[in-house]
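Listed below are the structures to be examined.
There are two complexes below, and they share subunit A, which is joined by subunit B in the first and by subunit C in the second.
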Partner chain A sequence: MKNSLAQVFKSGKFLVGFSIIVAIVLAIIVYPLLVPGNPLEMIGVGTFFKPGTYISAYDAVNSRSFYTLNLTDAAAKRVASKLSDADREVMLEWFTLFFEENPGDVDLEEMDINDTQTLVTLWWETYDPSIRFDSMTSAKRKYIARVDAQLEGILEDADVIIAAENDDGTLSQSSVILGTDYVNVSDIASVRILPLGTDNFGRDVLKQMISACRTSLLIGLIAGTIATLIGLVLGLLSGYVGGIVDDVIMFVTNLFTVIPSFVLLILISFSIGQEQRGARVVAVVIGVTSWVWTTRSVRAQVVSLRNRDHVNLSKLSGHSLVRILIMDILPYIASYVIMAFILQVCSGILAEAQLSMLGLGPKTTQVPTLGLMMYWAMAYAAHINGAWWAYFPIVILIAIISFSLNLMNTGLDQVFNPQLRD
Partner chain B sequence: MSENGKSLVLSGSGVTKIFGSGAKKVVAVNKVDFEFHEKELVSIVGESGSGKTTLVKMLLGLISVTEGDIYFMGEKRDIRSRRQKKEYWKGIQAIFQDPFSSYNMFHKIDSVLLDCINMRGGRSLPRPKKIEMITEACSFVNLKYAELTNKYPFELSGGQQQRLMIARIFLLKPKILLADEPTSMIDACSRATILDMLLGLRNETGMMIIFVTHDIGLAYYISDSVYIMERGRFVESGKADAVILSPSAEYTKRLINDVPKIHSPWDFTKAAEGASV
Partner chain C sequence: MKGYRRYFGKKIIWFLITMFFAVVLNFLLPRLMPGDPVAGITGRAVSGMSDASVAQTIYNQYAERFGTNKPMYIQFFTYLKNLAHGDLGVSFSQYPRTVADILGASIVWTLVLQFPAIIVGWIIGNVLGALAAYIRKGFDKVLLPLSLFLSGLPAFGMAITLLVVFGINLKWLPTSGGYSFSLLPHFSFTFIKSVLYHYWLPFLSIVLIAIGGQAIGMRSMSIYELNADYVKYSRFLGIKDRKIVGYVFRNAMLPQITGLALSIGTMVSGALIAEIIFSYPGLGSSIYKGVFASDYPLISGSTLIITVMVLVASFAIDIVYGFIDPRVKAAQNE
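Let's turn to the complex of A and B:
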C-alpha cells in the first residue's frame, strides 16, 4: 500500500495534475479569506466593466494631499487616451478619401496614427462635416461626426475647477486641480481591484469564479462518489454472483447504456423543476445517470478475478459473500476504481457546465457555478460585446480542471497498468 | 460400500460438467464415476485440458455439477446453503497449483492461518493458544512462525508458500484433501519436500488425499490407486501397480512412454508419434 502510494507520487504526470488540483483547492480556500464578501453581490451598476483597478474619483478629487509631478509626456498621454485605436483608423480612412479628391502634399503612407498631435492638427485643417463621400455609409459619417465632437478642446490644457454649493445656492470655487497634480493611490480611501472586471450583473468575475469553482468541484465530487458507489456495488454483485443476478443487472445497465445519459440528465433536471434544483440536487442527478460505464468495467474485472485461487481459498475458508467482495476482490480493483472515480468527477463537472448552459443547471440565484457563469455570459452576448473576461477565464478554468484530472488518471494508469510502465 | 474394510468417503456417478451452450458447448467432464475410500491416496492423471481441474472444482463445490451426483460420506451431497457449504468445507480442503496466486496479497500470513482456527470453531480461544497452534503447524512444515508473522505471502519463496498451504491443511485437518498439481510450479528440490510433508500429514491425520497431476511417474510413486483422465473421461482406473505396470488403454501407454528416463536416450520419433495420436 505504502509502496504503491510512493510509486504514484513518483509519476510525473500524476504529480503535475495533482499539484494543479491542490493549487486550485488552495485558491478556493485562501481567496475568500483575502477578499471577503458575497460573491454574488452586484457591485457594478452596468454591464461588463473592464478588468483593472478602480479608484474612487470622488476620493481622488477630495484628496487632502496633492503632489506636483512635472512629467513631460503627461499631456500627450492624456490627449492620446481620449482617442481609441478605432477612432484613429476611422480618421485615417477619412483622410484617404479626402486626399483622393483634393490632392495635397500630405504623405498618408508615412503618417503615424499614434502621433496624436499631428493627427488632430491635420484633422482640424481638413475636416468639414458638409463634405460627403459616395463610398461612405451614413452610419460611418455619423460615427466620424461623433469622433469630431470628442476632439473639441482635446489639446487644451485648462485646469479643472472644483466648485461647491454655497448656502444661498450659488457656486463658488473651492479648489483648482492642475494638470500636474497627482494623488498617491495609497492615500485614497476606496480602491477596488477587479482583476477580471465585472459580469453582466456587475458582479466581480474573479470572486464569483473562485466561488463557482468550489461549487463545481463539489458537484463533481458528489456526482463522482454517487456514480462510483452505484457502479461499484452493481459491478461487484453482477460480476461475482453471476447467473440471474448478473442477467438482471446487465439488462438494466445495457438499457441505460443505450439511452444517452445526457438526454436522461436533461429530462430529469427538467422534471425536477426550477425551484427544487439546488447544486446538490443537480449533483445527485448527474451521479445517478452516469454509473453505467463503471458498472460494466468493474463487472469485467470481477469476472476475471472471481475464479482466481485466492478467491477460491477464501471461499474454502468459509468467508461470506460480502467479506470476499470487500477483502478479496475490492483491493485488487481498487486502483482501477480510483481512476474511474477521478474520471467521473471530471465528467460530473463538465455535465454541470453543459446542463447550466442549457438553463437546466442549479437554481440561478443562490450559488454561482462555472456552468452558470458561462450561461449568463452567453445570455448577455459577452462574446459579441468583446467582454472576454466574462467567459474566457471560465473556459480556461474548466479546461485546466479537466486536464489535470485526466493527467492524474493517466499517471495512475501508468503506475498500475504494467503494460504501460516505462 | 467398503473395500478392505475401508468405508467410502467420496464417490460420484455420471458426474458431468458442460460449459456454454449451443455451438460453443464444451464438455469438460463427461460422465465420470469414481469411488474414493478412507485413508486412500488417489491420483488423477491426465494431460493439460483433460478436465482435471474442472473435476477438482466440482468436488470442492466451487462450481456446480451439470449432471450426475456426488456422494460425501455415503450421503448425497447437498451444499445449497452457505451453512451447508461451510460444513462441507470443514471436511474437504484443497491445495492449489500456483502458490503465488493462492494468497490474497493484501493480507498478512497470520490472517490465513487464523482463519483456519476460526473455521474449526476456535474463534473464542485465547490469543496465546492460537499462536501456539499456528507455531505447531508451521514447525510441522519446517517454517518458523516467528519469522513469518507480520509478513506478506509474496515475501516468501514458492516452496515456502506451498508449505504454508500444507500448514493450513494441518490446522484444518479435513477428511479429504484435494491437491491440484501442488508441485508443478515448484523447483525439483522443494518438490520432494512438499511431497514428503503431504504424505507425513496423511500419516498423522489419516485423511484421504486426491492427488491431481500430469506426471504419471509421480502418481505411481505415491498413490494407492490411479484414475487416468482423457478429454473429460476416465479411460482407466485401478490399483497403481495394475494400471501402470500393465496398462490397457492406449492413452495410458502413451503417458507412460512420455516419461523421460534418465538412463536411456530420448526417443524423438516415439514422442512425435505419440503427439500425432
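Let's turn to the complex of A and C:
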C-alpha cells in the first residue's frame, strides 16, 4: 500500500494533475475568505462590465487631498482614450473622401491614425458638417457628426468645476479640479477590483466562478461516488456470483450502455421540474445514470480473479460472500476503482455543464455552477457581445479540471499497468 | 453462413430488445415522477398564458393522450399505437405544428453534421494514436497531453472557442445557423454553398473533440499490442517490422470499433450541445427550444429520436465489426 502510494506520487503525470486539483481546491477555500460576500449578489447595474479596477468616481471627486503631477503625456492620453479605433477609421474614411474632391498636400497613405494629435488637428482644419458625400450612408454621416461633437473642446485644458446646490436652489462653485490633479487610489474609500468583470446580471464573475467551481466539484464528487458505488456493487456481484445474477445485471448494464445516459438525464431532469432541482438532486441524477462503465470494467476484473487460489481458499474456509468480496477481491481491483472514480467525477462535472446548457441544470437562484454560468453567458450572447470574461474563463476552468483529472488517471494507469510505462 | 448468421442474429435480437426498452423508458420516466404528470407538464407550458380556456383545452388534450385515468399498460399501448403512426404529439410551443414535423426538419441537420464529423474524428484520432504508440518519444510527448486536453475540453467549450476565434474575431466563417438567414431551404447551388459555409465550424468542433478521445484510446491499445508476445516472437522470427505493425494495428483497431459503438451516445450528446452554441438547426437546438418553452412533447420526441439514432448507429457499427472481426470470420469457416 505504502509502496504503491510512493510510486503513484513519483509519476510525473499524476503529480501534475494532482497539484492542479489541489491548487483549485485551495483557491476555492482561500478566495471566499479574502473576498467575502454573496457570490450571487448583483452589484453591477447593467450587463457585462469589463474586467478591471473600479474606482468610485464620487469618492475620487470628493477626495480630501489632490496631488499635482505634471505629466507631459497626460493630455494626449486623455484625448486618445476618447477616440475608439472605429472612430479613427471613420475619420480616415472622411479624409479620403474629402481629399478626393479637394486635392491637398496631405498624404493619407503616410498618415498614422493612432497619432491623435495630427488626426485631430487635421480634422479641425477640414471637417465641415455641411459637406455631404453621396457615397456615404446617412447612418455614417450621423456617426461622424457624433464623433465631431465628442471632439469639441477635447484638446483644451478646461478645468472641471464642482458645484453644490445652495439652500435657495442656485449652484455655487465648491471646488475646481485641474487637469493636473491626481488622487492616490489608496486614499479612495471605495475601490472594487473585478478581475473578470461582471456577468449579464451584474454579478462579479470571478467570485461567482470560484463558488461555482466548488459546487461543480461537489456535484462531480457526489455523482462520482454514487456511480462508483453502484457500479462497484453491481460489478462485484455480477462477476463473482455469476449465473442468473450475472445475466440480469449484465442485461441491464448492456441496455444502459447503448441507451445514451444523456437522454435519460434530460428526461429525468425535465420530469423532476425546475422547483425540485437543486444542485444535490442534479448530482444524484447524474450519478444514478452513469454507473454502467464502472460495472462493466469491475465485472471484467472480478471474473479474472474469482478462480484465484486465495479466493477459493476463502470460499473453502466458509467466509461470507461480503467478506470474500471485500477482503479477497476488492484489494486487487482497488486501483482500478479509484481510476474509474476519477473519471466519473470528471464526467459528472461535464454532464452538469451540458445539462445546464440545455436549461435543465440546478435551480438557478440558489447556487452558481459552472454550467449555469455558461448557460446565462450564452443566453445573453456574451460571445457575440465580445464579453469573453463571462464564458471563456469557465470553459478554461472546466477544461483544466477535466484535463488534470484525466492526467491523474493516465498517471495511475501507467503505475498500475507497467506495460504502458515509457 | 453459420457464423455470420449467429452473430448477426444475436445482434438483431439485442437491437430489438434495446429499442423496446428505450421506448419503455421514454414512456415511463415522466410518468414515474410523483404527482399528476399531465398537470405538471401542461402547468409549465401554460404558466404564461392568460386564457384559461386554452390552458383547459391543453390539459384535456393531454389528459386524453396520456390517458392518466386508465391503467398503465393501456396507456402504454396507446403510446405505442401513436408511435407506430409516427404521431409524437403536437408541440406546445410551436402549436399547431406536430412534433414529428419539427423533428423531421431538424434530424437531417443533425445526421449530416454529426455522423461524418464523428467518423472523420475517429479515423484521424486512431491514425494519430497509432503513430504516437509506434513512434513514441517526441511525437508522443506532444500528442498525449494535447489529446488529453482536447478530450477534456467539453464539446461546447471547443464550439465557443472556434466560434469566437474564427467567426467573431477573424470573421472567416459565419457564427450561427445552418444556412444564411436570407435563404429558405431549397435545392440550389447557392443554398448548398451557404450550408457548406455554415457547416465548417460545427463540424470542426466535433472532429477535434473526437480526435482527442480516440487518439488516447488507440495509443494505449497499440502500446499493449506492441508489447504482446506474438510481436516479440515475430521479431525473433525476423518478420519485417512493417508486416508486424500491420497486424498490431489491426488488432488494436478492433476494440476501438467496439469502443465507437459504445461511446457514440456520449459523443452525440456532446455534439448536441455544440449545436446549440452554433444555433445549428438540429435536434440539440430543438431540445433547447423545448426546454426553454417547457414543451414536453418536443423534448420527449427529441430524446426518443436521439436514442433511436444512437441505437441504429451502434447496431450498424456492430454489423460492420462482424465483417472485420477475425473471430466471427473464423466461426464462419467452421
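For this structure, a couple of remarks:
Going forward, the second predicted complex is superposed on the first by the 415 of 422 C-alpha atoms of A that agree within 3 Å, B and C clash if a C-alpha of one lies under 4 Å from a C-alpha of the other, contacts with A are read in each partner's own complex, and residues count from 1 in each chain.
Throughout what follows, a residue touches a chain if its C-beta (ideal position, glycine included) is under 8 Å from a C-beta of that chain, and two chains touch if they have at least 3 such contacts.
If you're wondering where the values come from, they're calculated on a predicted model, not measured in any experiment.
In the superposition on chain A, A:M374 contacts subunit C only, with no contact to subunit B. Of the two partner chains, subunit B is the only one that A:D309 touches; subunit C does not reach it. In the superposition on chain A, no contact is made by A:T47 with either subunit B or subunit C. Touch criterion not met for A:S56: it reaches neither subunit B nor subunit C. In the superposed model, A:I266 makes contact with subunit C only, not with subunit B.
When both complexes are overlaid on chain A, the residue A:Q7 reaches neither subunit B nor subunit C.
Look at A:V258: by the touch rule set out above, it reaches subunit C but stays clear of subunit B.
Once chain A of one complex is fitted onto chain A of the other, the partner contacts of A:S320 are limited to subunit B, with no touch recorded for subunit C. Touch counts on subunit A: comparing subunit C and subunit B, the chain ahead is C.
Across the interface of their complex, subunit A is touched by residues 57, 60, 62, 82, 85-86, 89-90, 93-94, 96-98, 101-107, 112, 115-116, 119 of subunit B. Residues 1, 308-310, 312-321, 327-328, 331-332 of subunit A touch subunit B in their complex. Interface residues of subunit C, counted against subunit A in their complex, comprise 14, 17-18, 21-22, 25-26, 29-30, 32-33, 37, 40, 44, 136, 144-145, 148-149, 151-157, 160-161, 163-164, 168, 175, 216, 220, 223-224, 227, 261-262, 265-266, 268-270, 272-273, 276-277, 287-288, 291-292, 296, 299-300, 303, 306-307, 310-311, 314.
By the touch criterion stated above, subunit A contacts subunit C in their complex at residues 254-255, 257-264, 266-268, 270-274, 346, 350, 353-354, 357-360, 374, 378, 383-384, 386, 388, 391-392, 395-396, 398-399, 401-403, 405-407, 410, 413, 419-420, 422.
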